[in-house]
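Take a look at the structure below.
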Amino acid sequence: MSDLLRVRGLTKRFGGLVAVNRLDLDVGAGEIVGLIGPNGAGKTTAFHVISGFHVPSAGEIVFKGASVVGQKPHAICRRGLARTFQIVQPFAGLTALENVMIGAFNRTGDVAEGRAHAREVLDFVGLGSHRDAPARTLTLADRKRLEMARALATQPELLLLDEVMSGLNPTEIDQIVGLLRTIHARGVAILLIEHVMRAVMALSHRLVVLHHGEKIAQGPPGEVARDRRVIDAYLGESA
Amino acid sequence: MTWGLLLQAVISGLLLGGVYGLVASGLTLIFGVLRIINFAHGAIMMLAMYASYWLHALGGVDPYLSILLTAPLFFVLGVGVQRVVIEPNRRAAEHNQLLLTLGLALFLENLALVLWQGDFRTVRSAISGTSFMLGDALVEGARLVACAGAVVVCVGLFAWLRLTDAGKALRALAEEPEGAALMGIDVTRIRGVAFGMGAACVAVAGALVTPFFYVAPDVGESFNIMAFVVVVLGGMGNFLGALLGGFVIGLAESLGATLLPGSLKYLVVFLLFVLVLLLRPEGIFGGARGR
Amino acid sequence: MAARAVGLVALAALVALPPLLPKYFLEVLISVLFYAYLGESWNVLGGYAGQFSFGHAAFFGIGAYTSTLLFLRLAVSPWIGMVAGGLLAAGFGLFAGSLSFRYGLRGPYFSLVTLAFAEMLRVVAVNTKAVGSSLGLSIAPRSAPALFLFDGKLPYYYVILAMALGAVLLTRAIERSKLGYALHAVRENEDAAEAAGVDTLAMKLRAMAISSFLTALGGTFYAQYYGYIDPSLTFGPAVSIQGLLQAIVGGAGTVLGPFVGSFVLTPISELSRAALRGRAGADVMLYGLILVLVISFLPHGLVGWFRRR
């Protein structure tokens, strides 16, 4: 499988604290990889570094064959790597459609064209009926969809999703799982951080487990779930 | 350029720097607790200077004695302004809070202009005009008193923050806003106290400078700008940094005035300001971060 | 449709009525449009990009001084000097902006650094003999339309009307363009904008360049209309405050906000000046009070309040 994203030896320190330590991570084209681990394991930091919001302390990040270390988030987004935020960050004063248009403008300079594409994406994620609602009035579930729509509108080849299911009820989670399958079927690779195990187990081709900033296990979901160190890490957290 | 002139510049700079330190301490106190940059700080100082002036002109009160009246008065005034103008807008956007204090500054400054016109007024104290020589340099008694007084008040403020319950509550609020609320501290009251203390600081500073400075509606502007520079230099919310920064800026201004023609000294001050803002938003003395 | 009709009637009135107005009212109307123009110029950066400059006097002064010096020293027509001043101001804006934005100055820190830049230019102007130091520069009145000098007030009125309308149309075009959407995104949330592929630095610099260019043109108009400039009139903090005040009161980040702001504020200022004759400062005192009241009760300005009702 050709590697879309290749991360080697990725390290991020904040002062004395090592948030991510020598992480190796691959995502192949068309793959769904789940990044899991207890709270504070460094998952979100890893996302921040890969998407260009933090500069890595060490290590390399290669996306589509070229290094993206030191590039700004918008440039990485243009290359085809889009992300969502753990705490959703819609443009509160813009309508749902306008939010998505911001993403669509990555691929077109034409406002009408951007609007048309944004409409398609909104319909695709099931927010078509809320098109003209200001983002601040949407429910949490809808804001999560909106955030995905905004990322999708940039036409990524790899989508980084940071806990898009947290805080949602089981029905909403099932809908998002369905949506992610459809996105995947369109040829978009997905790297997702998720605490909803049921969903991440069902979706992921492969799991990578982080604990205290280090990768402690990886492999197919069934295998990882039986891994002693993974079980200990999670038990350690709840104890 | 002689050593005498240079020595004179250093002494003048340090003496005025102490006052800058006090003005900046008030500003940094307000910033630390309320997280707002108070553009009206200099205007409040200007009002306090007028208060000292009128007490002297109408009641014959020595400006130093007027502190006993103006400091408590401006504390109450500060608490009132905070409660009526600032507190209701506590959740407003950051830039709107800045505009709020800017509006307050415009209002107060021009109120003074309307009431008392733009004339320069001066106040004489018993020690105005006294001086002595230190080597080749002249030391004015009033400036020395102003600096010493400012440093004493700064130290007093520092002690108040460390030792009293109100001071400790105020520091707790500056460092851990959520934690302070959980500990049962009346945060609204403490925010008022912080603004009041800030106003009292400039009331004292104002009274201390009137014996050798002019009083006019725009007199607060330059102190305000200097205090911004000092606070950014010393680190937003950092008290020791404010006092030290005061001396640094006083020196820079005074040396700039000696070495450069005209009013180019301000160029030095602003250049320093921009450089510190760009390079070290947390100030050269470290401390609480501004953002 | 109704709004469009009202707009057209207002426009027709602005074009047709002034020749019939007494001189005093014409002067007030010129002030109204002039401050509306300054507000529109500030609005591109402050309102749309959300970067609250407190130092637009820097651009205003650069515009006023560039065209005036070119005219007085090299006999270059201020019409040309105006463009030169605009470009110079845009260059300075890009310089100041890239310094501030690259070092991550946001919110009040950006306001303070822009204030400092303007003050630095003022101090330099005060201390430079070649630009007239604090005495300033005068342009003798005469009638020479090719040199941006007119007999009477009316031609100046039409010039500033054209400039103000031009600024409104430009703002409207920006609002509806890709740039407008990107600026809105930047204003709301820079991180989210970056994540959605918006080059936030480039967008802010673009807004800065447009805003500073426009402001500088206002500086040239001021120099030509009043025939006199000095460092505090052009580089002073009051100029910066005037621009942002119109936008904040009228509605920052809206096309017509600064216009509305100026149509409310400027007459108030004129009236208070007339009412408190000889008492300097009354108008600015009222401005301060209005600013406090607007922030407290209409944080989105008059236009914003009207829309949200």
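When the chains are written out, they are named A, B and C in that same order, and each has its own residue count from 1.
By our rule, contacts are C-beta pairs under 8 Å (C-beta built on N, C-alpha and C of every residue); 3 or more make two chains touch, one makes a residue touch a chain.
All figures in this text were calculated on a predicted structure; none of them were measured in a lab.
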- Item | Chain centroid nearest the full-protein CA centroid | C
- Most remote chain, CA-based centroid, reference being subunit B: A
- Geometric centre distance via CA averages, subunit B-subunit A, whole Å: 49
- Query: How many angstrom lie between the CA centroids of subunit B and subunit C, rounded to a whole number?
  - Reply: 32
- In angstrom, rounded to a whole number, how far apart do the mean CA points of subunit A and subunit C lie? 43
- Spell out the part of subunit B that touches subunit C in their complex, as residue ranges. 37, 85, 88-89, 92-100, 102-114, 117-118, 217, 225, 228, 232, 261-264, 266-267, 270-271, 273-274, 277-279, 281, 290-291
- Message: Residue numbers of subunit C touching subunit B in their complex, please.
- Response: 50, 52, 54, 99-100, 103-109, 111-113, 116-117, 119-120, 123-124, 126-127, 133, 241, 244, 248, 276, 279-285, 287-292, 295-296, 299
- Using the touch definition up top, name the residues of subunit A that touch subunit C in the complex. 51-53, 72-75, 77-78, 82-85, 89-94, 98, 101-103, 105-106, 109-111, 114, 150-151, 153-154
- Item | subunit C to subunit A touching residues, read off their complex | 176-178, 181-182, 184-185, 188-189, 191-201
